[in-house]
Amino acid sequence: MEKRARVLIDCEDAKGLVYKISKIFYDRGLNIDNNREFVDKEHGRFFMRTVVSGVFDLEELLEELKTVTPADAHIRVIEPKDKKIILMATKESHALGDILIRHADGELGAEIACVIANHDDLERLVRRFDIPFFHIPADGMSREEHEGYIMKLINELEFDYIVLAKYMRILTPTFVRAYEQKIINIHHSFLPAFIGANPYKQAFDRGVKIIGATAHYVTNDLDEGPIIAQDVIPVNHRFSWKDMQRAGRDGEKIVLSRALALVLQDRVFVNGNKTVIF
Amino acid sequence: MEKRARVLIDCEDAKGLVYKISKIFYDRGLNIDNNREFVDKEHGRFFMRTVVSGVFDLEELLEELKTVTPADAHIRVIEPKDKKIILMATKESHALGDILIRHADGELGAEIACVIANHDDLERLVRRFDIPFFHIPADGMSREEHEGYIMKLINELEFDYIVLAKYMRILTPTFVRAYEQKIINIHHSFLPAFIGANPYKQAFDRGVKIIGATAHYVTNDLDEGPIIAQDVIPVNHRFSWKDMQRAGRDGEKIVLSRALALVLQDRVFVNGNKTVIF
Amino acid sequence: MEKRARVLIDCEDAKGLVYKISKIFYDRGLNIDNNREFVDKEHGRFFMRTVVSGVFDLEELLEELKTVTPADAHIRVIEPKDKKIILMATKESHALGDILIRHADGELGAEIACVIANHDDLERLVRRFDIPFFHIPADGMSREEHEGYIMKLINELEFDYIVLAKYMRILTPTFVRAYEQKIINIHHSFLPAFIGANPYKQAFDRGVKIIGATAHYVTNDLDEGPIIAQDVIPVNHRFSWKDMQRAGRDGEKIVLSRALALVLQDRVFVNGNKTVIF
Amino acid sequence: MEKRARVLIDCEDAKGLVYKISKIFYDRGLNIDNNREFVDKEHGRFFMRTVVSGVFDLEELLEELKTVTPADAHIRVIEPKDKKIILMATKESHALGDILIRHADGELGAEIACVIANHDDLERLVRRFDIPFFHIPADGMSREEHEGYIMKLINELEFDYIVLAKYMRILTPTFVRAYEQKIINIHHSFLPAFIGANPYKQAFDRGVKIIGATAHYVTNDLDEGPIIAQDVIPVNHRFSWKDMQRAGRDGEKIVLSRALALVLQDRVFVNGNKTVIF
């Protein structure tokens, strides 16, 4: 039966990779619907994303690809289907709301397992969309204790990614390590400018003429993970920091949704502390 | 009692207007919280938007301002309060949804009287937000007949603006005239490029490297009304027209919401077929 | 001896092209330094740009590539070296000057055979850079007669591209046909908006909030040729059309220089009335 | 005799300033050709830039304005005429060249007193434009000694601003203090990201998706002075840091020239560590 799959390869660079890989597709009579590759010369790494279609077995194709790629190769052969995501938020609705609308529209390309928030402000909004909402307050708890409740909840769920849609707490190394390369965050500045708390206030105090937003994978260095997408918005001296915040929200939600779409379509490879995006 | 008001003046230009107007504010002991003015030299028109605060009577201030401005002056002295809007849509949810989320958040600065659509696809989404939804189908009707039903409905409502959030039908001159300078539209192109139907298909066929969106007042020249806001999104040869449409939607909703915010804050003056925006 | 070449292929799409082409590179022991390909599904066309290095004969490689590609294939195997360009201008110096500075800097990646202008205003500037300047006035001549003088001049020169750096005259079909896909123009608007004369005046009259510039190949449809690059600049009601012109010049020169760099690096394929850019 | 002047006022905010100032213009029968004001609420400061025309004496007008403004007011009444600038550079020609072309074109709005560089690479370019070039090498000298030679030279010249067109040395506090609010720099990053050396290398290492450029007044905090203008350029994983540098240069030169134009038109007020730009 005809099917379509995304072939995702990330390995040490070697001569003839494109040839050897495309030979496999050719010999099996597969169509290449889309093909992108990139070699990181600095680190000698090869990245490839190919969409193939035809009659084939996913597992078999994967095994054959292993025979022509270096030993360290990370290869995935996956059918395009909706991923599952968990959303985490705090009080602000714009980034979360943007995702909820896309989901309601069928445009998101993901199922939303649930929304978890450390406040209950967003409950009403989330319930409007018939999506499970869990309020896990952090008051009077250690960070570890609070995250313990969250982990207990999400470890019973199936999911591919955790999306921090303006979740305003810093995650512990334990949490981050547990979901490596699975947590996507939106930071409300043009990173690496204005790392940390209240970047709009920082931007206002610095007198910048452009503000930004950055979507990135979460690692244990605060706001230092691999960047997926960024965008900017012009401001001027008439903007208070609240005005910057208001204007910046549009950037935040669009950048997060754009990054999420890239991730959900398996277009993002993590390459050390950077990303390769096809 | 202390109050705050927006003073909006649009008149023939004349010497000393700033002086005479600011004298009135000064003599009454009013604070000027914000002040912008502009003179269109080409047409000799003066525009001013001042936010004043203090103890005063709106009506009295208006009358006094009339004594120092040219006879043709259009002056408004209004307290900042939520306007009322009617939303019109067809099938797409992104622009409408963006407004609904802002409204639910209390960020919109307007009450939504209702949503009117010529299809029922959006009913479920609108009802999630407990906002009245009216499905007024156009099938088998003349344009006039269809609009007759709409006008009957909205004429019983109080409202300041009609926002076309991807309402995909062309309005008749009768309708447009009935609500002059009250109808705001989002057009899915960088006007005046790609006027009319399916601008993304047009953009794709033309091979542009940037697509755009334009929010404007509706007049009886199709897509020719005064432009309020525009924005652009880069594309490339890999984009199908559907990809352009998908990418363009983000621009559409942001531009419409940005234009709407400007209008709701009384920052937009219509100046012939252009706008002055403070 | 080790050399490097750009392999440029443009042909009907067919199964296995990437495999067959990369096999040739592999069998000859060539390194692939860079590889991009694209399939235009709408028209069934395949485009590929590969930079290879190793020991090989250009002509031999070209011949071998012909054996695995469809009959209509347009294949070039070329060593990266400076192209030769002819610049045409009228009176404005910004676009021309930008190219001259890049050339003086060694950054342009092209030799400038000469500058041809229909006025002599730019002579002094061009001579500062020790570049031949030819003033070919058009006064009292038919378009054909004027171009006759230009063609006589340039047909004695070796060149790859003619760059219209704000050459403010429309070229005849005869001229355009003589140098097909060799003439690059900068149009001072965000095409297809404001085709024709004085686009800044048109943009001002329309009241747009963003102006643009478009670099494109010249064809016989005025301002309708394949677009290579575009960019935009925000404006507002305070801009006179002269202000727009002034602000727009920065966009014009950057867009033209960016397009020129792409063309000189053989990154641009013409695909009907569009471009594929690697 | 009819003349035109820019009235620039920067003072503590007070009630009735617009009224009192515009009264003076009105009583003298002056035309207001352009008027912008801004109140920094945070610091209680008032800024105003008015272009007036009519028959008046500059000195008299200045004195009268003093009578209605707070004691700390910094008031300038100046006729619009070309300022004088000194350019400082090192080896790169793009930012310097952009200014030279604008100057040759009569578009700059400034005379160039001379170009000073710590290397001689740019001498040939500068001499093409018949502008004095001084090569003041820094080899084997202390920073102070080197700047001593520069100061000796420029102190004999009349000038309004020193423009660092990619001058790649850090200035000493002595130098900066000597020319306070007179030195404009272009930094090749989107400040405050990537302060210090080789920001493109830093940007590459961080894996950002957008790079930028920032024009600012020089103060004694490295890259921390008041920002005048910023712009950004999208990049992706295919960019080496050299590619980023190349792409970034376009941003650098445009941002510097844009900032310079604003400064030369007296549109920039320094407000603590920020700018107010009319």
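Note that the chains take the letters A, B, C and D in the order they are written out, and that residue 1 is the start of every chain.
Everything below uses one rule, namely that a contact is a pair of C-beta atoms (placed from the backbone, for glycine too) under 8 Å apart; a residue touches a chain by one contact, two chains touch by 3 or more.
Computed from a predicted structure; not experimentally measured.
When the CA atoms of chain A are superposed on chain B, the rotation angle comes to 180 degrees (nearest 5). Simply put, of C-D and B-C, more C-beta pairs touch at B-C. One simple way to say how far apart two chains are is to compare their mean CA positions; for chain C and chain D this gives 35 Å. In this assembly, the C-alpha centroid of chain B lies 41 Å from the C-alpha centroid of chain C. Counting only residues that touch two or more partner chains, chain B has none. Residues 38, 40-41, 190-194, 206-210, 212, 226-232, 236-238, 240, 271, 273-277 of chain B are the ones touching chain C in the complex.
On the chain C side of its complex with chain D, the touching residues are 93-94, 97-98, 100-102, 104-105, 107, 124-125, 128-129, 246, 250, 254, 257-258.
Contact residues on chain D toward chain B in their complex (touch as defined above): 15-16, 18-20, 22-23, 25-26, 29, 31-32, 34-35, 37, 39, 234.
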